[in-house]
Amino acid sequence: MVLCVICVALALIPLVGVVGYTIVRGAPVWSADFFTHAPTPEGIPGGGILNSIVGSLIIDGMAAAASIPLALAIGLYVSQSHSKIAAGIRFAADVMAGIPSIVVGIFAYGIIVNTMHHFSAIAGAFGIAVIMVPILVRASDGAFRTVPGDLGEAALALGAKRASIARRVLIPTAASGLFTAILLAVARGAGESAPLLFTAIGSQYFTASPMQPMAAMPLTIYLNGIQAYPTLQRIAWGTGLLLLLFILILSVAGRTASARLGRRA
Amino acid sequence: MLGAAVVIFLALLLGLAADLVYQAAPAFAHFGFAFVTGTQWNPVTTSYGALPFIVGTLETTAIAMMIAIPIGLGTALSLAYLLPKRLRLVLGTAVELLAAVPSVIYGLWGLLVVAPWSRTIIEPVIGFIFGHSGPASGPEIGIGLLLAGIILAVMVLPTMVAISRDVLMAVPSEQIEGALALGATRWQTLWRVVVPHARTGILGAVTLSIGRAFGETMAVAMIIGNTPSLAHSLFSPAATMASIIANQFTEAVEPFELQSLIAIAVLLLVMSLLVNVAARLLVRSVGRTHVSAA
Amino acid sequence: MVDQPEVASATLDALPPAAASSEPEPESILMLRKVSVSFSGKLAVRDVTFDVPEKRVTALIGPSGSGKTTLLRALNRLHDTVSSARVTGSVLLNGTDIYGGALHPTLLRSRVGMVFQRPNPFPAMSIYDNVVSGLRFNGVRKKSLLDEAAESALIAAALWESVRNRMTARAGVLSGGEQQRLCIARSLAVEPEVLLMDEPTSALDPQATRRIEELIDELSDRVTMVIVTHNMQQASRVSHRCAFMLMGDDRAGELIEVGPTDQIFGSPTDQRTSDYVQGRFG
């Protein structure tokens, strides 16, 4: 029993430590300017991370827009099919979820950056989307499968076509599960930096063009955090706290939605 | 319409593998099998061997598992059976949420908070225990193999705990009652019946964690030192396959340098796929034994 | 100790046995006194009082939901594992109240064993390890002792001949009936004084059921058994005494009647008992 308390403590203390330090070191950095200004050139005080916040929103928004329809369609397919192909796709999605994110980054580099001959936000978004797809496929598959089979059959018996069953019965019934899936996948995508390292690559300037290199919060944390200058490390902590909050809020919201779904079922 | 989505998905998966192999092909063609066994990584002399990074990946993962397996299993048992009900729920949710903390934040914490402790406390203590020789020799600089292993352990713990807890809780109550009805104590029931019954699933959780540790990039890149040579001590700076790619990719301008980094990515992809397929098969076979036992 | 209600008083040791019998009436090994069990405050078994004679088979019969399983699990404190469950009243094992605090639940359960509705061998253990698991739980380490106990328990469970050459095989290779006999052997190896059985044949085919029934008969001169069954023929075949339970108006299970098996099936005193056993036979 004592041993177990020790294990729980050993497991939780570092985990709480990560969150705790991020809050303690990050909160003092926050100010109105921090959120509303782009970085100042090196050596000049002030400046903020507005470009990183907007960059993250644009990159993750593009990634979500590309991955959600694709992955939900696949999830719908595998949830309704009992074929070997469906089982194979499920397995493939599981395995794909285990591909290291740095490898995905190289894929995005090879496909987009090499073709366009320059770094761009859209290449980063492509990488993040590849990370999100398998997560979304498995989670939406699960959500669609919680829809009782007889609902679909009842609709079929009423003469409904397959497409309208999906639209009128499956998607609305699975809605809150799908919502959870999307929130958790976005949370995961938003925290990824490895796929952005040599795609979106980061930028000191404010830009909204998907064809240009772009800053993003995880990149800003990495690029500033490894510097030996306390002013830059402070930017990393401040950005870290914002990113952490964003991700934890998405995760908690996702969990709450699925808990509510569980109660109703 | 759904069919098209499936085709895109499979194209994505195959395209990823094909693109990587295509990009890495020049390096494999030029260096041959020596690329895997070579210990030199020197852009100046155009010699590229991936062994230091393969070994670094295996070493950091091994350190992480030695720390994470006992702690993770103990925590999973506590969360499944030992702690008061209400506490189980709260702590279980906390652990699951912590799995969402991004890698780069673990790296930041590891580099700016833990590395100084590593230099002033952890490494000196371990150095003292081993007599400052063998695996504990060399300068104690904080970052390096050991710190990377420790931070990796922290990072894989949520996954390991969450999955092991779930498989432990899935042990049928008749197994537990069967043991109790023979006069087993709570500990005996847990160690001799519950844990063995869940062993395949626990193995799956460990394998999945190994896969995660193999591919973990940002945190390791920030705390391992990224030195392209074989480490001779726990305190040595080293590099893993993922960390060296993150660290050198954008600066790779010499002939074959970029292709060689991508070749490392191909090797990493193969290792991760093998481990992940194994993990999925293990976790899946748990599902099957539950069915056949019913 | 509580006053004994009328139903049970007819069976006190002091009184002559109700049915004519050449054997002397045996001692009571278990005495239930006003045993009630509730889940989250909702009563599932109310005020059950009767005695279990030693080295006899007592059958608990009654319709589904009448609280037979719930009552049985109160006899070896398995409800301890269910946080919503509460047991009141007393259960005396050789005169000691098992809920009194003098007897540790772990020790109690090695004296009062249990065989479950579905066979539950430990799948990660071999056949041999399953049989001796109870002894090992109780701290027996010596190989010769374990071997001896395993053999005699398997012989007693009529399983020895079929498994003696594959003791290291996983328990999963056995058929359902063999698995259940393995579970019985596993319980016997601990040498319990009482063996509780909760519908031990309900998951088995007729052939396997018959072998378990024969086994119960053979075991009845070395261990006291309390067996839950809703198969009336089985109750009449294997048991010496029968206790009939029924759900009351508030859906809590109550003891309606207890007595020698031939009396319960032949001339029950309560109309509800006669309705039930005749309905079931007919």
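The letters A, B and C name the chains in turn, as written, and every chain counts its residues from 1.
One rule holds for everything that comes next: a residue touches a chain if its C-beta (ideal position, glycine included) is under 8 Å from a C-beta of that chain, and two chains touch if they have at least 3 such contacts.
Bear in mind the structure is a predicted one, so any value in this text is a computation, not a measurement.
The minimal number of chain-to-chain contact steps leading from chain B to chain C is 1. Centroid distances from chain C, each centroid being the mean of CA atoms, peak for A.
Chain B has the Cα centre that lies closest to the mean of all protein Cα atoms in view. Centre to centre, using the average C-alpha position, chain B and chain C are separated by 50 Å.
Taking the mean of the C-alpha atoms as each chain's centre, chain A and chain B sit 20 Å apart. Centroid to centroid, with C-alpha atoms defining each point, chain A and chain C lie 56 Å apart. Interface residues of chain B, counted against chain A in their complex, comprise 1-6, 8-10, 12-13, 15-16, 19-20, 22-23, 70-75, 77-79, 82-83, 91, 93-98, 100-109, 111-113, 154, 157-158, 161, 208, 211-212, 214-218, 222, 242, 245-246, 249-250, 262, 265, 268-269, 272-273, 275-277, 279-280.
Within the complex formed with chain B, the residues of chain A that make contact are 1, 3-8, 10-12, 14-15, 17-19, 21-22, 25, 70, 73-74, 76-77, 85, 89, 91-104, 106-107, 109-111, 114, 130, 133, 137, 187-188, 190-194, 197-198, 201, 218, 221-222, 225-226, 233, 236-237, 240, 243-244, 247-248, 251-252, 255.
Per the touch definition, chain B reaches chain C in the complex via residues 85, 172-185, 188, 192-193, 196-197, 199, 289, 293. Listing the residues of chain C that touch chain B in their complex gives 76, 78, 81, 83, 106-111, 113-114, 116, 118, 120-125, 133-134, 136-138, 183, 186-187, 190, 196.
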